[in-house]
Amino acid sequence: MTEVLSYRPRPEELAYTFGGREPVRRVRPGTVLELYTEDCFGGKVRDVGDLPSRVCEFPFLNPVTGPFHVEGAEPGDTLAVHFVEIVPARDWAVSTTFPHFGALTATHTTAMLHPPLEELVWRYDVDVAAGTVRYRARRGDFEVELPLDPMHGTAGVAPAAFESRMTIVPDVHGGNMDSPELRAGVTAYFGVNVSGALFALGDGHCRQGHGEVCGTGVEAAMNTVLIVDVVKGAGTPTPRLETDSALMSTGSARPLEDAYRISQHDLVTWTAGLAGLDVLDAYQLLSQAGEAPVGNVCDPNYTMLAKVDKRYLGAVRPYEGVHDRLRATAAEYLATR
Amino acid sequence: MTEVLSYRPRPEELAYTFGGREPVRRVRPGTVLELYTEDCFGGKVRDVGDLPSRVCEFPFLNPVTGPFHVEGAEPGDTLAVHFVEIVPARDWAVSTTFPHFGALTATHTTAMLHPPLEELVWRYDVDVAAGTVRYRARRGDFEVELPLDPMHGTAGVAPAAFESRMTIVPDVHGGNMDSPELRAGVTAYFGVNVSGALFALGDGHCRQGHGEVCGTGVEAAMNTVLIVDVVKGAGTPTPRLETDSALMSTGSARPLEDAYRISQHDLVTWTAGLAGLDVLDAYQLLSQAGEAPVGNVCDPNYTMLAKVDKRYLGAVRPYEGVHDRLRATAAEYLATR
Amino acid sequence: MTEVLSYRPRPEELAYTFGGREPVRRVRPGTVLELYTEDCFGGKVRDVGDLPSRVCEFPFLNPVTGPFHVEGAEPGDTLAVHFVEIVPARDWAVSTTFPHFGALTATHTTAMLHPPLEELVWRYDVDVAAGTVRYRARRGDFEVELPLDPMHGTAGVAPAAFESRMTIVPDVHGGNMDSPELRAGVTAYFGVNVSGALFALGDGHCRQGHGEVCGTGVEAAMNTVLIVDVVKGAGTPTPRLETDSALMSTGSARPLEDAYRISQHDLVTWTAGLAGLDVLDAYQLLSQAGEAPVGNVCDPNYTMLAKVDKRYLGAVRPYEGVHDRLRATAAEYLATR
Amino acid sequence: MTEVLSYRPRPEELAYTFGGREPVRRVRPGTVLELYTEDCFGGKVRDVGDLPSRVCEFPFLNPVTGPFHVEGAEPGDTLAVHFVEIVPARDWAVSTTFPHFGALTATHTTAMLHPPLEELVWRYDVDVAAGTVRYRARRGDFEVELPLDPMHGTAGVAPAAFESRMTIVPDVHGGNMDSPELRAGVTAYFGVNVSGALFALGDGHCRQGHGEVCGTGVEAAMNTVLIVDVVKGAGTPTPRLETDSALMSTGSARPLEDAYRISQHDLVTWTAGLAGLDVLDAYQLLSQAGEAPVGNVCDPNYTMLAKVDKRYLGAVRPYEGVHDRLRATAAEYLATR
């Protein structure tokens, strides 16, 4: 019998760090979580006049829902989080430029003497039934519909080493990876650093381009269903994703080639272990069969993924088959709710 | 009436630089070129015992076929090269590690005190009819078929500013971009730097993973058919690609985020011009609709592409519709040969 | 009348993060602190047989002494810390390689398939009176004396945005900048992020080369005297240093050019303000008169400094002359202890 | 008996590449060369109204004097170039910002959507007798004298692999390293790639800050005296410098940490060989005794140096003592001219 927990945070319950927070709830492995997440602006940017630098206040950006203490998760284990459903909660979403943030602008890190680019807001219509979002140019009357492809930019656990990190930062604990691969149907794996793992998530996007070049996706509040589970005694050095057809490793670092290296290195060594391949044989196989989906090229660390189709690996069974089990639980949940 | 030129270089005709070479042939715009290209090892790595560091001699690596002088191409124009067909010339191909080359090894640039990784050769069976290449592990008996997806790693024109560059280097003149997107059906655009453009190509891959992480793809000699044309008075700041459904800009640089920036910047400004969008509106649109295919993360410059589906841009007609015209010429050629 | 506080932490009082810790003491602005700091190995590497990967336990590395709550320091203020004296506490010190740490080795970030370099310990004799440390090769009998030049690798305040960071990380709060410029005679400035600033320091080096290429300096416990003060209403975006003759800004980031950019950008804008120069005039002046001392090229962020001789700036008086006042207090303290 | 060759290029003799040029003169090893070099603007920026983007024409930038064919220099040898004297040829010099060039601005590589920073020219008075240059702010009346410290930004030989590179590029053949360490008294070593080495130099600076942050130094035509020599059978993987007191290795690459890595790696392995040290022992020694002078952080490759005082290495005699011999020749030349 599957336990279901529905949770919608009150504004004062939103978290702005991974680590350094008390859990909002304690749940058992196998629990289905029905969660509401606010958008990265805390819902304060609602129209083109709501410039984020005016309506938002640092550091109250990119709120996450959680953290959740998952019973039995201890350092050295892996937290498995299966994403059952990610549905935009409103019929609109927004995206913006933001002063000194984005890939094609000077930033506080890539520091330059230029004044910031103009701060602009784009408001999208969201049509969940049609599966589209509608882009409208700010100058001129160009409009176009883009496919809805909901995802969470931010998901992770409490970091190791007593650290607490802003939710805008992606690193080995997860965080703001901003990868379109984190969509429904995926199981995400996070190495557990503290008792209970302390999972949280937020930053829903109706969709985003590769690299999130202007710094934001089509930002939206979400109603998200996920299932948490614990794989005891299994380490996960950097967040990994599994779908029915693919395995993925993430890497978050600067410069971007190091994000690429971390993700590819992890996928090489992970798949070598799973498939019983010599490491250089796995290196060769991924050199020809591997993909490299770009996450973000704008956050404090950049994120890239390494991805491989399972059919090229023979019969592999990562994490004792937890993905298949959670898929079954998800199907059961969806059939009976 | 389409002119057709068939050309198979003698070994002493192979080139190892872009720039600094006399043309091997002069051709008129609109000419169909039927070319043979050698593999990146000059065909000298034929089996697992042929270690490239022994059988190949620097700088005679990565030979290209050409250069071709295209009549009427002058600095300030754009050379359009439509890839009609790329077919592996042999029933085998090879891939290797190479000392201090690749993304997960110390290199002469990312210099470290480690000895090189082991140098190994993998030999692939190539089945053009079946559309597959067969990978075989060097240790153990793991085998798997991967889809054939032929491409050219290296294609470009003579550089500007009296430069001559090794064929292994990608930069604004093209060169060793190592992108799987350079496959049949694509039209590539290169800014012309010298009279006649001096186009050359080589480094065929039966397929490659994103980033070419070990440093080489499934390297093969190719029989390739392409059509060259000139767009007068149209500049191209970095190589671009067009297919029936997409536009792409390349960026080649280090660190990898600069390759990303160059490609995204060019696609933003190019599509803004094509679609009549404000630059920030185009930035926003690509932030949500854009893709970022990874080329190489192992060569002297890394290469990334920015890509967008044409249907998100309204009715655009890049380079006066040359892609559609060359598609038609290609269809005619294929129907009548 | 100057207050003096002497403090030697018990082992269980050592801190391993900036942020997330209760202060060990509360002090008034102007207080002289006589502190003992342990070395980065917690004193556990005492001889060449003490491999750090065996005798040290993550995350109990790089302990700092503190944090100290400085009364009256509030967000938006600047904490000034004048280093009066840094004296090695023992007649020996150590340096080591460490698996996958350093600039000329694969790391967990610059991830590669190489096994780690050999882990080795070098033990130095320290002669404070002679002002030397003695290097001895591990293989062969080469020995040489190097000048003693004591410094603190790690010094900083609690981060902003509810963050807590491992002491090994340098960032805008300070931390593990590993710059030889942080020696006696310097006043360091840190932007205050939390009430009381929560200053801590550690990681004494008898000396270090530029970039700390192998990952560690000549690591030593220190007896250090410093004076803390608060400059109300003065912001400091990245840690700055002042000596009798020079001004310096730090930048900590990856890639290394961003550390350079942050430091140069801050020194350009800071000196423009101090000297009444147009920003581009200051840019030009520093382009010709500026120095760029390298801190570390091995830590989670790399650190560079921008430095300029005060005599090129006319009569400037940063932070209301606090450096000169603290120099006077230091002289008085030294004369009377 | 020392041979002396005086050479002042006519404008049409200036070169804009390393490689791809016929020698202007053939000289014997040991020859003293008295050379005139034009400034990086070809002498066309003479006052604050001469904006380089208007008065200069790409690719006719950064002209070099040469190349010189040094008899007997063959691939595998090392060319030694001792700088006897570098004297500004005029009583003025200039520095400028340049659109999309410099460390604190968007560039064509670090591509961004910002318009360029303002293009400005600063004119310096040069007083060779007093040993100063005078900076004058463009806005306001701030002026200051800076010490004259003449150097060459650009010096090198023809590249390997049939390459020809713009003079603005630094790489393993030398080129536009823009290091203040290339001053009189230094012997520079370059690996020979082609018969005769084909040495050229230019881009004199009256002085420059570390990193040349705005993109240009105090640019000046120079009267320079140097002596060329050949060390047979001695390889030089990246340019090296020797003074009476120090050894240096250069590294030119992006990102900046790779320039650091190349330079430190070369100095570690070079000094290990010279001093008979184990490589890890040399790594440790340089980690504590090494310096890292910054060259440029603005050119197509960034340049850093690794430097160590000879007294920390015992009795070493690089390149068979050629530096000492050339110092003696220089003294003789200076005494007798």
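Quick notes on this structure:
Read from first to last, the chains carry the letters A, B, C and D; within each, the first residue is number 1.
We adopt the following convention: a contact is a pair of C-beta atoms (placed from the backbone, for glycine too) under 8 Å apart; a residue touches a chain by one contact, two chains touch by 3 or more.
Not measured: the values here are computed from a predicted model.
The greatest centre-to-centre gap from chain B, using C-alpha centroids, is found for C.
In this assembly, the C-alpha centroid of chain B lies 35 Å from the C-alpha centroid of chain D.
Taking the mean of the C-alpha atoms as each chain's centre, chain B and chain C sit 48 Å apart. Looking at chain A, residues 104, 110-113, 117, 254-255, 261, 264-265, 268, 280, 283 sit in touch with two or more other chains.
Under the stated contact rule, the graph of chain-to-chain touches is complete, every pair of chains being in contact. Listed in rising order, the residues of chain C touching chain B in the complex are 104-106, 110-115, 117, 255.
Listed in rising order, the residues of chain C touching chain D in the complex are 95, 97, 103-104, 117-118, 120, 122, 133, 135, 137-140, 142, 144, 146, 207-218, 254-257, 260-261, 264-265, 268, 275-278, 280-281, 283-292, 294, 297, 302, 304, 312-314. Across the complex, chain A is touched by residues 16-17, 19-20, 58-59, 108-113, 160-166, 237, 251, 253-255, 258, 261-262, 264-266, 268, 279-280, 283 of chain C.
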